[in-house]
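Notes follow once the structure below has been shown.
Which chain is which? They are A, B, C, D, E, F, G and H, in the order written, and residues in each are numbered from 1.
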Amino acid sequence: MTPLGDYARLDTDRAARTGDPEVVYGAGKTPQQVVEILRTLAVAHPERAVLATRVADDAIDAVRAALPEAVVDAVARAVTLGPLPEARGTVGIVSAGTSDAPVAAEAALTARVYGAGVRLVSDVGVSGLHRILAAREELLAADCLVVVAGMEGALPSVVGGLVGVPLVAVPTSVGYGASFGGLAALLGMLNSCAPGVTVVNIDNGFGAGVFAARVARNAAPRPTA
Amino acid sequence: MTPLGDYARLDTDRAARTGDPEVVYGAGKTPQQVVEILRTLAVAHPERAVLATRVADDAIDAVRAALPEAVVDAVARAVTLGPLPEARGTVGIVSAGTSDAPVAAEAALTARVYGAGVRLVSDVGVSGLHRILAAREELLAADCLVVVAGMEGALPSVVGGLVGVPLVAVPTSVGYGASFGGLAALLGMLNSCAPGVTVVNIDNGFGAGVFAARVARNAAPRPTA
Amino acid sequence: MTPLGDYARLDTDRAARTGDPEVVYGAGKTPQQVVEILRTLAVAHPERAVLATRVADDAIDAVRAALPEAVVDAVARAVTLGPLPEARGTVGIVSAGTSDAPVAAEAALTARVYGAGVRLVSDVGVSGLHRILAAREELLAADCLVVVAGMEGALPSVVGGLVGVPLVAVPTSVGYGASFGGLAALLGMLNSCAPGVTVVNIDNGFGAGVFAARVARNAAPRPTA
Amino acid sequence: MTPLGDYARLDTDRAARTGDPEVVYGAGKTPQQVVEILRTLAVAHPERAVLATRVADDAIDAVRAALPEAVVDAVARAVTLGPLPEARGTVGIVSAGTSDAPVAAEAALTARVYGAGVRLVSDVGVSGLHRILAAREELLAADCLVVVAGMEGALPSVVGGLVGVPLVAVPTSVGYGASFGGLAALLGMLNSCAPGVTVVNIDNGFGAGVFAARVARNAAPRPTA
Amino acid sequence: MTPLGDYARLDTDRAARTGDPEVVYGAGKTPQQVVEILRTLAVAHPERAVLATRVADDAIDAVRAALPEAVVDAVARAVTLGPLPEARGTVGIVSAGTSDAPVAAEAALTARVYGAGVRLVSDVGVSGLHRILAAREELLAADCLVVVAGMEGALPSVVGGLVGVPLVAVPTSVGYGASFGGLAALLGMLNSCAPGVTVVNIDNGFGAGVFAARVARNAAPRPTA
Amino acid sequence: MTPLGDYARLDTDRAARTGDPEVVYGAGKTPQQVVEILRTLAVAHPERAVLATRVADDAIDAVRAALPEAVVDAVARAVTLGPLPEARGTVGIVSAGTSDAPVAAEAALTARVYGAGVRLVSDVGVSGLHRILAAREELLAADCLVVVAGMEGALPSVVGGLVGVPLVAVPTSVGYGASFGGLAALLGMLNSCAPGVTVVNIDNGFGAGVFAARVARNAAPRPTA
Amino acid sequence: MTPLGDYARLDTDRAARTGDPEVVYGAGKTPQQVVEILRTLAVAHPERAVLATRVADDAIDAVRAALPEAVVDAVARAVTLGPLPEARGTVGIVSAGTSDAPVAAEAALTARVYGAGVRLVSDVGVSGLHRILAAREELLAADCLVVVAGMEGALPSVVGGLVGVPLVAVPTSVGYGASFGGLAALLGMLNSCAPGVTVVNIDNGFGAGVFAARVARNAAPRPTA
Amino acid sequence: MTPLGDYARLDTDRAARTGDPEVVYGAGKTPQQVVEILRTLAVAHPERAVLATRVADDAIDAVRAALPEAVVDAVARAVTLGPLPEARGTVGIVSAGTSDAPVAAEAALTARVYGAGVRLVSDVGVSGLHRILAAREELLAADCLVVVAGMEGALPSVVGGLVGVPLVAVPTSVGYGASFGGLAALLGMLNSCAPGVTVVNIDNGFGAGVFAARVARNAAPRPTA
């Protein structure tokens, strides 16, 4: 536990406890706080990349100025600092439409930071089924799938009926009117008729990436095995 | 306008105005009221069947006793009285699961009473896509589709991506938990990414049947044309 | 299926599959993406107009600069590119108040792009019934009606009681307070006591236009018949 | 203030304070409590009828046994005890469908107990407009209108556009699915585009009756004037 | 019915039908539309003031420039044009807190335009009961009360228990968090334990003013009587 | 920690940790489970009463048969076993209507079991303000107040404006329609304009009793002081 | 695809497609349908157990009569028919309270039927933290965790902070009032501050079991490896 | 009661009635109103600090200019004017994450202004339990706890299981997606399985501070006793 000014108690023991270091959730933090916490975490974990998500534009500028070695993923609105771990296992990231790209990118980067390999299957919404049917082999090759969709959120049900790979669904806030900020997609995914679909919060690419990476890492044969 | 006791003013002119007679909505009516209104409507429209929907068990018994010539559809919980009109055009009724059968049956009977032909495609939920893919020709042959589904309500998006036939989606209350009595399916259908999907109230097979019959009748070549 | 950069897989086969080409949904896309997708779709479908909806001001500017032959509908916030198809059948677009005009315009333009003729009946809200009563003949002349209303969304019930023409209701987000962004109108329309009213998402003039055009086209006598 | 056992403090001064005595709200009270409170109120107000609403079947039986002079209104599920006051002014009670009858009856009886005359206009739902148009003169003759409707609750908007009489709308729980127990009608009425519509709770015929009677009494010329 | 450009059909017969002219609801209209409709209504009703509500700052500027004889009420964000009618009867406008002032002002101006006199009782929220108790005589002197409150919306229940005057409650969007934009106050008022409280939409001072003016006018002795 | 069959791990150390023993929440437990847990807790805490709440009728019968020394509070639907602790400090339980009695009784019994004295002030709803005004001295004498109300839940705001005693509000599910099972009262209390009102779950008399007893005990002079 | 009467098209190819056979969801099916589908599935998959969930009492009786070799799990309200597969990997099922037992049992049986081993950790709710802290080694030994909790649903956040094992959270409908049938627990779990928590529908032990079994099976070293 | 211009009736007697002076709720007030009310309250209560909360940036500037002796708490967005009272008893303010700091600061300042001492325990969210476990002694030392948390709001359940100190939970709007502006945390806290947790409105640090100060003051031995 590392105190940081008077506003934070960094959970620097988390890696020992859960296998993965704490992450900077950038929303609601000042650019200075993002920089400071990122730097402190990087010092505590020199051997592997630390991650900041939901980083606003001004915080990205501050990070670029203060931590030039940081890598910015503009689509995912995220930053990493330090070397990415070797990839074990594969997370397949499937997204329904172009507007879902930021959430899919956050999931992909997170899975990579958490030690899994990543493959992207983009723009395969259910209104043109041939697209997802054509990707079936790619889906089967993954150890865990992250399926990202807004509007009615039907894609996880379709994918979950095609393959038996563990599947995490991410509803996005893409939509309008009775989408109610992603509620429609969230409810759709929770009620999926395909067995074994699990769900995370609206737009929570990060959480899906963490979970999928853990599943994929464990499923992959250990380097020494 | 036909007064009936002191509780109803039957809209017996509706057929002249909208082309179709008034229907008995059985919920919240006593068995005696159902029988009486059904009989009055049948007298006003001797040339074509009149319909009662959402008829409770005791009202079905009362109808059977008082109107032995009435035909009861037990699955649809509905009753018709009088000759069915000649069928013009075809309504395709597609349902996702066996629990959706009562709503699909109500839609089918209604479409038939309103003058359209009906074809049923049952138990083709999205978690087993090959079932709906195998039915594509049947879907294309319809002048209007009624797609009935509960849970996440994804079936209309899939069907709407396969064919360009006008499509009315019916969410059902099948489900539990975060289905919230059919709300999840309703929101899913309203947010469908397939263009041209329209929606009716939860479990409203009747409304979908009326609408689809009108579309199908108009699409069919007139007998004399 | 046409890949476009790394962000989209255009469903260029959709016209063959469903009879109508894919449409650009402009919300959440950059001006450059709107221009690029519009141009690609136009190339794939030179014989008929392609459509972009929900186009933001900066995207409209980008379209005007890059595609001078595009036609901008400022009220509908939409753009077309290419020749409009010949009109078959008639869609009647009925709107309740002046604030509903953008949604009605989107429905009208969409129906026209999808191959139907269009007639507008504007500002006929239910608080002044004589206005809609005076338009009854116009309503009857349509093959399909699109009824647009915000606030309590009562207009479809009134129209649906006057005529038996297939009717698609579009709730709008016009209103305040307990309108909850169009939820009140949406629920009102879903619960309409007029039989055969179907509903689309809040402010979804596009979806209503697609659906109504399909119904109207099918209802019209074929040119060669 | 009259203590009654250890469970109630009757507000027997309310008539002096607000012009009308307290009323027994029967829901959640035992039959014995209903009888006892009704009797106590009747003793405190011998000159005019006291009222119990929402009286369950067993409480009605208990009232009939213990207070044979009480008058039971079976449709309204209500009981009065004592002489009805002379009627001043007129409340028009307008209801949309036969299922709305219990709420309309509760409003009517309440208005009568609170000293207004009552006229009923039943079964004039908006899907058959000619019915309400035919009743315009009746509507104009009232000093205050109570308009009762379930489902989409559109009737108050239509009536409020026809006449300028003060109008209280009562949403009912009649409906299913996305009616959500009367919520759709409630929201519809709160968002009415007709100016000057006020609303009470779902199924609250009592509250509407109280309010309308006060308006009607005040509007009527005083007997001695 | 007066057509205005292609965007509006003014209901200029409304005064004959309901006793009061149409009003300009400014939200969602351009400054030019507000000016034009206001001028047209004023020409149609030269003998009495016409009203525009929810007028945005730029529309107020446009009105001041184009219609210098218009009177602007900055608190109510409303404009009148033409002579105010003689006041008949009294509407009492009671508000809970200083933040409720704009809604109370809209109700007051509306009631005045619709022909009633107005008295204001401000800042008498229930957390300091002595304030409303001290105003009891003022409350009793009104023919109709409009009670405006946000947050928990308890004031109508307290006022409705003090006096028997007809009472219209207006929930406001004042509050935060679980106020949900006025929903808490709206639900509170709909569930008021004081009999005879009616409710309008959140922040709908206009609707309350119309209703209350009609009640107050009818309650007042006619000038010639 | 005491294992009990294979279904429970009783938290018998809770008294040491938090000062009060675990309580049996009876809902969803079989009569046998209620009896067994109650007996086990009583054995672990012979010196003071243990409590079971929300005990269904069949469980009450089972308790009476198996534990004849248990004391049943029929109004509160609760059972105690063992000697009540000496009372320190005073909790005032204020309830709005007779239907709120079960929740008030649960709060009262709980506060007593948790070691506080209790005074009841019943049936003082806000629609008859004189009742609560007359009880001001009683309210001031309490160390903590529990205020129980359904419907619009306005009583805590009124009480909280009269006295500065710490106040816990308990919304009840008493009401109908837009009460939504107590949601209206809950939101009203959370938005109270009286400072310092805290709230517990709907119908949660138990939680309010626990909290208030802790506050009252601490506020009271210690026996030895 | 195996047609069954006219009500179902069994997805008997699902095992080939997804690795696991279809399951009988018993809710909304007649006892006869449950028996028939179970028998058909068992015939199609003689080598491994088939499963029926949410089996009502009368259907359990029918199964016992018609399929005496079926095994009934009374707590889980589920039935299996055929030999359970060899267990690979371990699913840890953690539940908060005794009322959550049926959902935990459904998850456990499902995971077992889907081929994983199962360990139960029961009654470790967060209000007595020592219980879950004492189980840390058991949690770490699992390949996937299923965490079942009602009320506020806080247990997954606590467990997810203790260990880095993939974690599926199951909200239950245990609770009352503002639990809204499990909605509070569902929202709590979706918003968990512990990274990598995924969620299934309320009371959906089945879905969690399927998912966790897939993860655990893949994580376990293959028998032949 | 002190009138202030025409917009406010200051409740200057509140201190006599409830023991604490009125507070300026800054939201929705102009900078001038904030300054004026603050000055008036300070004049009425020269012996102790008065407080303004939710003060916007421009109002803070106005206060600094007009009342240079005022003290601004930038984190809490609050202002005090006048000497802080002597501290009696201790309020422990516990917050889950750094984004909850403004609400915790508002609670702390309010408790201090209301006469209690304050201790802060920050950044002890449940996903790293060791942090809150390490703070147990600090928690036990408080007379009342205020526990501030957003997202799933689980911290009060954990704290309430650790110690028996009276506990007020404050949900914050920290979160996104299915947090719904703090609703998830609010529902979580209302459903806490730890007995004796009470809750205030989302982000209502002020209300929690008032309540906790009253409890802490009463619990502390009086100076002279």
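In this text, a residue touches a chain if its C-beta (ideal position, glycine included) is under 8 Å from a C-beta of that chain, and two chains touch if they have at least 3 such contacts.
It should be emphasised that the depicted structure is a prediction, and the values quoted were computed from it without experimental measurement.
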Shared chain contacts [chain D and chain H, defined touch]: E, F
Farthest chain relative to chain D (centres taken as mean CA coordinates): A
Chain F against chain D, contact positions shared by both copies (same if over half, else different): different
Most distant chain from chain H by Cα centroid: B
Inter-centroid spacing, chain H versus chain E (mean Cα positions, whole Å): 36
Centroid spacing, where centroids are CA-atom means, of chain B and chain F in whole angstrom: 51
Whole-Å gap separating chain B and chain C, where each centre is the average of the chain's CA atoms: 26
Junction residues of chain C - those touching two or more other chains: 17, 127-128, 160-162, 177-179, 183, 186, 190-191, 195, 201
Pairs of chains, among all present, that meet the touch criterion: A-B, A-C, A-G, A-H, B-C, B-D, B-G, C-D, C-E, D-E, D-F, E-F, E-H, F-G, F-H, G-H
Chain E residues touching chain D - in the complex, by the definition given at the top: 17-20, 23, 143-144, 160-168, 186, 190-191, 195-201, 206-208, 210-211, 214-215, 218-219, 221, 225
Touching residues on chain B, where the partner in the complex is chain G: 98-99, 101, 122-124, 127-128, 130-131, 134, 174, 176-179
Contacting residues of chain F [partner chain G, same complex]: 1, 6-9, 11, 13-14, 27-29, 33, 171, 173, 181-183, 186, 201-204
Residues of chain F that touch chain E when the two form their complex: 96-97, 125-129, 133, 151-154, 157-158, 160-162, 175, 177-180, 183-185, 187-195
